[in-house]
Amino acid sequence: MTVNYDYRRAERLGMPEAILCDGKSCRHLGEILRELGERPDFPVLFTRMTPGQFEQLQDSEGASLDYDELSQTAVLHGNLEPRAGRVAIVTAGTSDLTVASETTRTLEFSGICNTLFADVGVAGLWRLMERVDEIADHDVVIVVAGMDAALASVVAGLVNKCVIGVPTSVGYGVANDGRTALNAMLASCGQGIVVTNIDNGFGAACAAIRILNALALDE
Amino acid sequence: MTVNYDYRRAERLGMPEAILCDGKSCRHLGEILRELGERPDFPVLFTRMTPGQFEQLQDSEGASLDYDELSQTAVLHGNLEPRAGRVAIVTAGTSDLTVASETTRTLEFSGICNTLFADVGVAGLWRLMERVDEIADHDVVIVVAGMDAALASVVAGLVNKCVIGVPTSVGYGVANDGRTALNAMLASCGQGIVVTNIDNGFGAACAAIRILNALALDE
Amino acid sequence: MTVNYDYRRAERLGMPEAILCDGKSCRHLGEILRELGERPDFPVLFTRMTPGQFEQLQDSEGASLDYDELSQTAVLHGNLEPRAGRVAIVTAGTSDLTVASETTRTLEFSGICNTLFADVGVAGLWRLMERVDEIADHDVVIVVAGMDAALASVVAGLVNKCVIGVPTSVGYGVANDGRTALNAMLASCGQGIVVTNIDNGFGAACAAIRILNALALDE
Amino acid sequence: MTVNYDYRRAERLGMPEAILCDGKSCRHLGEILRELGERPDFPVLFTRMTPGQFEQLQDSEGASLDYDELSQTAVLHGNLEPRAGRVAIVTAGTSDLTVASETTRTLEFSGICNTLFADVGVAGLWRLMERVDEIADHDVVIVVAGMDAALASVVAGLVNKCVIGVPTSVGYGVANDGRTALNAMLASCGQGIVVTNIDNGFGAACAAIRILNALALDE
Amino acid sequence: MTVNYDYRRAERLGMPEAILCDGKSCRHLGEILRELGERPDFPVLFTRMTPGQFEQLQDSEGASLDYDELSQTAVLHGNLEPRAGRVAIVTAGTSDLTVASETTRTLEFSGICNTLFADVGVAGLWRLMERVDEIADHDVVIVVAGMDAALASVVAGLVNKCVIGVPTSVGYGVANDGRTALNAMLASCGQGIVVTNIDNGFGAACAAIRILNALALDE
Amino acid sequence: MTVNYDYRRAERLGMPEAILCDGKSCRHLGEILRELGERPDFPVLFTRMTPGQFEQLQDSEGASLDYDELSQTAVLHGNLEPRAGRVAIVTAGTSDLTVASETTRTLEFSGICNTLFADVGVAGLWRLMERVDEIADHDVVIVVAGMDAALASVVAGLVNKCVIGVPTSVGYGVANDGRTALNAMLASCGQGIVVTNIDNGFGAACAAIRILNALALDE
Amino acid sequence: MTVNYDYRRAERLGMPEAILCDGKSCRHLGEILRELGERPDFPVLFTRMTPGQFEQLQDSEGASLDYDELSQTAVLHGNLEPRAGRVAIVTAGTSDLTVASETTRTLEFSGICNTLFADVGVAGLWRLMERVDEIADHDVVIVVAGMDAALASVVAGLVNKCVIGVPTSVGYGVANDGRTALNAMLASCGQGIVVTNIDNGFGAACAAIRILNALALDE
Amino acid sequence: MTVNYDYRRAERLGMPEAILCDGKSCRHLGEILRELGERPDFPVLFTRMTPGQFEQLQDSEGASLDYDELSQTAVLHGNLEPRAGRVAIVTAGTSDLTVASETTRTLEFSGICNTLFADVGVAGLWRLMERVDEIADHDVVIVVAGMDAALASVVAGLVNKCVIGVPTSVGYGVANDGRTALNAMLASCGQGIVVTNIDNGFGAACAAIRILNALALDE
């Protein structure tokens, strides 16, 4: 049950090596931590690590994980070097913060400057309008929204940068665990919105890193 | 194959007797026209009558149908008496006009004053903002929108009247023949939006009439 | 993790400021309660607050929440002023009462007079027929029903007021967590039924308030 | 491409040998007709035969098919012997008549007495109430209805015989080509409703024949 | 929160008054038991009563419920009078027994003779062939099967009585909680199969009762 | 718009180079034919070529395509060398023959001996039982069936060779364009059935070839 | 039926004003052309214009549309100014070229340099490996693929730039009109892939433009 | 509640008698164990036995079950005789190991030699390329993969043996509990891939056994 680590991923793709904890047993995660513990020069991000998993790992392994409960992420061996580029993360409601914080943690781990604009959903449009110029002043804009996800369409009509939509699984009934938000973002009347899987705050950060990789080359 | 007409519907429910032509053969529609032709005091609205159906009926029956191609509706024996109340119809894009015109025709047939606000989708937000006060000055607001249907959420945050969403089947891929618009409206972050079936411009007009029925009582 | 409260919503939309507790942590709700505790002139409705959440908040905050277990709602700082208009709430079975009570609590919070007609499903038609005249004597009729939701269609054929359908997630198998009731209401043969999201008793109350807003203007 | 005919089906199952024409080429149907033409003692029912198919077969084969356009059925070599038992067929709207006529034709072919109650949908409840005693006076009741299919639930609450629901694909949007009617019938609050595939008027007739088979034994 | 009991259902429909416990709180069920406790002449069947619910009710109410754990049913005030007619219940696998036992309990409560043929799925066809003549010798045949539900099609080809399919939610993946079994039964190549909701063993028994109601009349 | 042909596929994978005509314009197919016309040593199979496409290509190109209308396949430059192994193709109904013939044509093109067992569906079980020993005497068994696809489960219980299910899109309503047959095969109670995409007769033949590749090695 | 043109979109968002012809009548498109004909300084892109629409418009309007049949796009009043940045478009099969050409046409209209890498699907992996370095040497990579869309995952593992997946509706059965490709791209094991609606080649180009907008700022 | 064991299955089909524990109560499993305990010559495989079920059975029965936690399988009365043929099992990620180990345990129980190639997903393509020749050197290749399942397509392009895809339910959002992996495998651009139900590692092993049955005959 050994893992094929991708020690050269950061070098090859400019993206962090990350371990998805969801669906892995604590015994398996323990083995991974022991193996990685011997490579202090290899920073790793753990995503979707539940507080329960963290507690068990903390007790039995002694690994110095930097854990954040809201985003359910843990960092091993510190963050990567700071890099150029600025990313805005915009959320529709306070329930979207869990997903948004996965994005911000991944960006911080990757050394990328970012700003969070929370609770600016379109049901109270003035909240967004007050901050739209500030949002537009970033290289990439990530919109985290559930239910009708109308925020993504409105933002895309107001800023000219890449708008990455992250649909969230908040809501009930026809919110359909995020599928309605996903489809609404994909079918948006706003031109050129691109979208990640539901609740994939990590993936949105990786997409932003890919975009900034091109910027870095051009500089 | 006789039809059980509801000659007292207008009286009982305050709503028009309407014949849905979709799925009926021309022979069957012809029989209906002949029967109704003998009751000139009984105004009837035909919905979803294709131009092809109209042409065949016009030729063979000689019934004096007042046909409108955009809305695919026909009126027999004139409109109902004018009634109190004003309804706003707001559309996101020009492709939604077919459905919106079914609403306006049904309201006109029912004697109700209405205003159409076309092509004010949120991708260009200023188009809506210019007219929002005018929209708010109606008793009922019907929002006709497809794809992400974000317009319904934004309008519901700006006006305090009943907002009836009519999802439309425009768009492709995950627009899912209007299901995404429907679900987005139902899961809207805007409080108290109510929704009809996809493309059901007729139903939205009937709902508005039901609302105005209560107003009429209170006056 | 601050919230952008909409202190002027009641004034702007005539609808209550409401906090959806579903998906919020108790820590987050505690912060909200502390903040709102300092604004005794700002009545707030909490929806989908589980008994567990209520107990934790009651212990740690000391806020004087008026909690109702059946509807899972809590009121802070009392109800709004009484307003004109009467709303009927009709339920198909006793399992629909949880959702219906969210509607009645929201209306009471908003100062609106309402009557509950419980367990009048169409499997025993005489139960409905006995009370239909009483139901028809309201400004708005909200039908709360799950499974086949046939009650909405029958009521819409008998009363001439706005019929708002609230599909519920009761039942099993092809009841599909309320999707069958939702679709049956949207595809109803009853003209002009409008519908909310599944189990959205709060939304139905808000829609009724929007309708009564227009009535108030006309009076 | 020969067919394995089930010459003993009537004897074994008491049900007609039937050929589904949908999805078969005219060449294939022609071969079948030629083969069966040589067995005049073997009555056969053809279902879902389009007018186009009938015309081609009529021209090229000379077989004496008794064709009915509304039900899209054809009978070869006459009907079966009359049998005991009476079946009621009840339809919600005139658009359901195509499916209902497939049921009545199959019953007639099978020698079974049946009555059609057309256009008694619940949107105008009095139409059903006038005829419910007459309906209840049959051995089996088949309800053919699309969209919300509320008629099946109401009938099941009023009669004590087997109620077979046949959902139809009429309607648009969330009528979902009959899936909403199907699910509403299956999730009906009426006890003991059983259901066939969408638009399967033939299957409902066969189910009725199976029921009458048991009656015949007991007599 | 009172219930509108249907005290005349047995008389009107020949079917048992039944209380679905699923989705009802123990407090609510307790109230029902207290009310019904005062009508010893009114036999009632409780369905989907979990062992947990039964224990709580047993402790607090002292009502003499006759509880069966496998079928999750309880009987209050004894069974109904014996009636004519015989019903066969056929199951594909041992996992389908929970659902099948809901059918047999309902039939026993209703005074109807029935036989269970367990674990005769088509993966080992000889198991079915050994007993098929015995099965055919009943007035109604109920087939309880999950996953591919192939048993229903095979049985329908071998017996000439009404075959009622009850799809079950056993299995995983594309078994889709019984939807695949449901659709396979509805689309069966076996003529005249009729179907109930997933896991609805109670409904199948009620359908059998409706069929036997017609037999009783004819005798 | 050149195509990257895989001239070494037969050598590398033992499978035919095949061109899917579905979704390609006649102009594009014409270019392909011209290019391949210059490589007479490179046999190619064209699948899903409509009669319309064939006629246009025949007229304009003069390429010597060996076309078969039932299977909608065309062969260019003759069949491959005969190979060891025998494949049985079993169909439930005559409507499945189109798909089954795509399988037999692909096997013939690939030089593999095969036998077709047509119209042996389980609704008349004796048809299958008569031929089951003959079927079992092949190296691979391909079952082509639509609707409930019960045939695959029954065959898998009777033969011990690899059973490849090919669901077909015949039927209507909940047959769901073959999805019900697909799911029923995947959820089959028969152990070890494997399945292809709906209507993918070509893919089933390729899978059989892959299996025979292993046999060839072992011989 | 006037249109609210967004004459300042290019200025505000750096993206082209585009008219979606799908779902618009020729009469409506004619009006649009007449209106725009009077603004020669306003370049416009028409998307999803069928050959039939183009022919009718060409005849009746005399507008000098530059039409391309493969991509179903037309350009009015010439292309925009050349801009910095290079985009790679990679397709899995030749059937994906229609969608890919909508992307390349939109980029050309917008003055952006781009390269097409056609028919490099993973079924023959060497075709992709030969060109992967060349692909990696662009600022943005757009992968156009249908069916399993495996190409997107493989490319994302080999290049470090933003990978925009465009799922296409090619294929049949469970290809589900592109939904399987869409979901596979969204659930890809490749980190940071972002996705557009099915067949939305235009949207992918707009997303690339948004990304290049940020690059332009940084230069 | 007795079970109809298939004591001759191994003889008839060459496949193991297996008991699916999922959905069976411990009491029921206990009865089965007691019955089988008396037939020491009858080896049986238990699948989907949770650790909880194992513990309860171990305590109360004393049966000598050989239990494996990762695969959730238990063997009673030892493995079957060794047989000819070699099977490769290839997994995309470490989360797929649970399913893959059900396959390897079933093969070991059945006496078949097999090799596991773990964590060779296409996001890091070199991991697969290093081992592809080794994989190709088996008679059957089973690919266990979730999410986009791209590994199956890539493997099918590189080896010429039967490729059996086992989709797994790992992942979140549009991974749809394995449905996306299932559909992607079925719609794969790789020719001749065949597929089992989601997470059905046992079924894939049975399919391999069926294939090897043919090999055994030919040897």
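As written, the chain order gives the labels A, B, C, D, E, F, G and H, with residue 1 at the start of each chain.
FYI, a contact is a pair of C-beta atoms (placed from the backbone, for glycine too) under 8 Å apart; a residue touches a chain by one contact, two chains touch by 3 or more.
Please read these numbers as outputs of a predicted model, since none were measured by experiment.
The minimum number of touch steps separating chain D from chain G is 2. Looking at chain D and chain F, the chains in contact with each of them are E.
Rounded to the nearest 5, the angle that brings the Cα atoms of chain A onto chain D is 180°. Mostly differing positions are employed by chain A and chain C in their mutual contact, as under half of the interface residue numbers are shared between these two copies.
Between the Cα centres of chain D and chain E there is a gap of 27 Å.
The distance from the centre of chain E to the centre of chain G, each centre being the mean of the chain's C-alpha atoms, comes to 56 Å.
If each chain is reduced to the centroid of its CA atoms, chain G and chain H end up 43 Å from each other.
For this pair, chain A with chain E, the centres built from the Cα atoms lie 50 Å apart. Of all residues in chain H, those touching 2 or more other chains are 123-124, 157, 173-175, 179, 182, 186-187, 191, 197, listed in ascending order. Of all possible chain pairings, those that touch are A-B, A-C, A-G, A-H, B-C, B-D, B-G, C-D, C-E, D-E, D-F, E-F, E-H, F-G, F-H, G-H.
Touching chain A in their complex are the following residues of chain B: 92-93, 121-125, 147-150, 152-154, 156-158, 171, 173-176, 179-191.
Residues 1-4, 6, 9, 20, 22-24, 28, 167, 169, 177-179, 182, 197-200 of chain C are the ones that touch chain A when the two sit in their complex.
Residues 94-95, 97, 118-120, 123-124, 127, 170, 172-175 of chain E are the ones that touch chain H when the two sit in their complex. Interface residues of chain E, counted against chain D in their complex, comprise 12-15, 18, 84, 139-140, 157, 159-164, 182, 186-187, 191-197, 202-211, 213-215, 217-219.
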